[in-house]
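In this document, chain identifiers A, B, C, D and E correspond to the written order of the chains, with residue numbering beginning at 1 in each.
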Amino acid sequence: MLSVLASASAAFGSVLVAVFLARGWRAGKKGLWPFRAPFLGGGISETHAWSRFHARYYPMTLVFVAFEMEMMFMYPWAVVFVEEGMTAFADMGVFLGLLSLGILYAWREGAFRWQ
Amino acid sequence: MIDVSSPSVFVHVSFWVFAAAAVLSGWRVFRTDSMVRATFLLLVSFLNVGAILLLLGGAYLGVALLFMMTVEMTVMAIFMVAFMMNPAGLNPMVMVHQPRLAAAAGWVLFGGGIVVAVWGRFPDRPLEPGRPVIVELGTELMGRSMLIFESAAVALVATMIGSVVLSSRRSRYGEAAGDDGSLPPPLDPVLGTYPTGVVPETSTDGGDGHGGDGHGGMH
Amino acid sequence: MTAQAEVWAAPLLTAGVLAAGAYVVAVLDAAVAAAVSGAGIGRSVLAGPLRRAALLVVQQPSATERPDAASWALAPALYAGLAAAGLAVIPWSASFSVADVEAGIVLWGTVESLAIVAIFLHGWSANTHQSLLAAYRFLAAGLSYLLLSMFVLIAAAIPAESLQLSRIVESQHGLWNVVRQPLGLPLFAVVALGSSTWGPLNLADGDDLSGGTTADVSGRPRLVWSGARAAMLTSFSAMAATVFLGGWQGPVLPGPAWVVLKTLVVLAALVASGHLFARVRTERFVTVCWLVLLPLAFLDLVIAGVEAL
Amino acid sequence: MAVAAVRRLAATAPVPVFVARGGGTGLLPVELAFDARLRLVVSPRHATVLVAAGRFPGPLGVAVDRVHDQLPAPRGTLWWTADVDGDRPAALRDASVVTDADPVGSVVALHRDLCLGRIRSDAAVLADDPPNRFEGRGDHGQGGEGMMGGVPWGRPMAMTGDDRDGLALDRLPVVLGPFLPGFPNGLRVHAVLQGDVVQEAKLEVLDLGSGPRLDRLDPAAGGAQHDLRWLAEALRLAGLGALAVRAARLARAAPAPASRAALARLVRRSGLPAAWSGVGVIDGEDARARLVRRLDPSAPEGRSPGPSLERVAEVLVGQDWSDAVVTICSFDLPTDRAEAVIEAQA
Amino acid sequence: MLIVAAALLGLGLWGALAQQSIVMLLMGIELMINGVMLAGGGLWAYSAGGEPKGQLLLILAMAVMAIEMAIGLAVVVALYRARQVDMTEGLDSMGR
């Protein structure tokens, strides 16, 4: 675990330093105003791009969080699968069945489409 | 695997680094203007607690916390940006109420925690190194705690359904809006009053009065 | 190797492999592009990546009116760090891996989900329109493909009776997972393309949004970001080779050579797919992911389960 | 020393070129698209050389000025035109002018000289002013007032507005184009985006001027050439850059039917038709149908000028911006690109 | 260990009580659960001898957090859709 952390932080640190050296802490103060305008193909924007962004796929993300949590039970389950045999297999059936139910319902409600 | 019963100096140092980072980022969550930063600062706090759990020998618990919280905070960020005014903190802001009471309550809880931590008596039964914690968890799930585990699964499916019911469009438009799922009603009925192609004005009255600081005066 | 030496050697090894991997990705990419475009592969393919990198070093770094400067620098750094973390758990031979973490595949899940955060931050921080649009459409896809990866990795863990990657490699003795669980590798390839926003799943940096999250990035920050993307693709290929192609196992050659060889094969396939398949539409991808690919991942798990009984 | 070596290496890199197409150029300038010494890029931030191709009267010139100032240093500009006496926006005042059919040599030389420091990087042409004055104003000296008001760092924040799904979040009024990937010459979109969805759209074609043309379509094969140029643009949009180069190479002259069929096969296998199905439907025809029609070498080559801008604007409303770009690209909009074919066939 | 956990709990409570916005309130609650996780992990490792039930408990705490967040955010969407409310003050009278 320590080596993972060491590798990750080494790569992280060196890249962070590289980017800061290149761009500086105050990236917002570098360059002339026309250079810093957002690229819109020669067009312009009146407002900041940062806004209350309407992502439209909210239900999908919430289904995803619940789903993800279910998966957290699956990891230890996979480890003892062979040991437990049929019990674990039946359990998997119940589990996947429940998940499919959730997905089917979300799909019927159109959670995966948003336009 | 780290020996919990006799940790090395390195483990002690790492613990205090992670702990300090967790508390510091937890505090910064409520002190930053940008909602995206706030969310990911909370994530940093979680990641540090995950790292501490790993130090404690929770080989699965720690990583699971890292994984789960990353996902949750990513989703959180979407909502933070969408449902907070001024999500990027372009104008510095303070949006609090009853700050004194809240701070006092926080300090009291902290003090109570310290009392419990320092004077409380806990059994001294440390985790033996080399214990197969992941396999044990799996066996526990399949054995004695099967019911708990299954009911958690059911609760989560209920959560899925509940959150879809609450957040999907159908709850507003109902069946009448369309016959294929919650396919959005066509845009025109809603925006029908505007001829397409009109360049909008950006005056504040284009919205619903959300602009400005009308919210602050409600209390 | 002693524990102390390992901690010092680990960053050097992973960084070296990732740098080499990023270069190989650039060369492969140029070669496939030349072949597909009908120009023929020339000698410039080898020097090309270095020249382009040199140009980015010379170029003025971009700025925008009011970016989130800290996050803008943090995003590529986080992304590169994740590629390194992912690579660190890959076993190179029966006896050596940088860090054979007990919950290796869960750690990989963390890498994938944090990669989503890194890409989103990269698009958000610039405070420009096209990068913001790209960040959000990527997020929709990212939250969809992540589940596939969990399922196929759990399926691989079943016969190994462990979440540890070395055990997963050992469990493939005699029969690789790519045969035993035929759905695993293609589904994992989808995750790999998504996490490095490559080819048909290049939703974050797509040309239709003028480069997406990189639309307003130039110079060294852009070099670092492209390098990190290529490094991420390398890490994913190594992971695919480990989990589905038997990792270090193979006759005659030593273990590490097999890992490199198999990684290159996966890498070539992934890079080629980038020039042969068009970018997917976000909304359609999300639907297909949940309604077609996810049931396939269920099936993969069932196949693995039946086999293990 | 090391810096000089890096600069020498950079000078030999394939030149990243951003092309701004003005009047009289038709579609994607194929001469630039398939040469291995160049690399067409989609954002000025990625380029060292700006090639302004054709005529730039009035507002089109202003757009070129904006893009010109967004190129990072070292940057240079080349005006590729058949009419040196035409309007010359500020960005092109000091640009080298190329009138011959093949500007690649000049672009490469310009890039080399820039990287080696033999010539100075182009200076900005627009005034160094923020969009709005803000310094020292407002509650915190950054131009903002209260929670949402003022002009923090020079721009106001977007305000909320109604949306079809009942969540009234921020609306972003933007003017996009004309130099975006997939956009025909001179097209500009005035749009209001809520999230990534287009809420309102108005299309406008900027004045493209008149005079001699840059593109020389073969009158006999003009339709096929035009189709291939269009295809190159579309493939680039879909992330298939290598296939786009292939299409551009074929578009140089009257293409052989066999090589055209081979390209069509590759495009069909790429999944692009599937990705475009259901996008931008007008008169029951979607972007996929328009793509497939152009892939077929035996199809009649006559082109109608396409739907009116108003009808396209109607289709854009309700799509997300990525789909809107595909929709715009999929038509022969009544701008310069259609005009070129009609001229060639006349 | 427990002191750090207490600090996180305190911070979380302060955040949850002081913040006006519903989403920020959720963040405060999450931070409190974070403290609970830390305390639980510490007790599991030092006082429960690595009993598997302790692990299960912590995983369940994670599940509670996920459920809390999913439902909480869904409520935010529903409220905002219905009444354009995103502040706790806007909820003074539920029947409105």
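Keep this in mind: a residue touches a chain if its C-beta (ideal position, glycine included) is under 8 Å from a C-beta of that chain, and two chains touch if they have at least 3 such contacts.
Quick caveat: nothing in here was measured; it's all calculated off a predicted structure.
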Higher-contact pair (C-beta pairs counted), A-B versus B-C: A-B
Middle chain, criterion being Cα centroid separation: A
Distance between the centres, which are taken as Cα means, of subunit C and subunit A, whole angstrom: 15
Centroid spacing, where centroids are CA-atom means, of subunit D and subunit E in whole angstrom: 48
Separation of subunit C from subunit D, taking each centre as the mean of its C-alpha atoms, in whole Å: 31
Interchain centroid distance [CA atoms averaged], subunit B/subunit E, Å: 7
Subunit D residues counted as touching two or more neighbouring chains: 43, 45, 72, 130-131, 152-158, 160, 163, 165-169, 172-174, 180, 195-196, 318, 320, 323
Contacts with 2+ other chains: residues of subunit A: 1, 5, 28, 33, 35, 37, 39-41, 45-55, 58-59, 61-62, 64-69, 72-73, 75, 78-80, 83, 88, 99, 106-107, 113-115
Where subunit B touches two or more other chains at once, by residue number: 60, 64, 67-68, 71-72, 75, 78-79, 82-85, 88, 90, 134, 137, 139, 141, 149, 152, 156, 159-160, 163-165, 167, 169, 172, 184, 202, 208, 210, 215
Inter-chain touch pairs (all): A-B, A-C, A-D, A-E, B-C, B-D, B-E, C-D, D-E
For the subunit D and subunit E complex, residues of the former touching the latter: 165-168
Touching residues (chain side subunit A, partner subunit E) in the complex: 58-59, 62, 65-66, 68-69, 72-73
Residues of subunit A touching subunit D in the complex: 28, 32-35, 37, 39-56, 115
Residues on subunit A engaged by subunit B in the complex (per definition of touch): 1, 5, 46-48, 50-55, 58-59, 61-70, 72-73, 75-80, 83-84, 87-88, 91, 94-95, 98-99, 101-102, 105-111, 113-115
Subunit D residues within the subunit B interface of the complex: 138-140, 142, 144-150, 152-153, 156-169, 171, 173, 190, 192, 199-203, 310, 313-314, 317-318
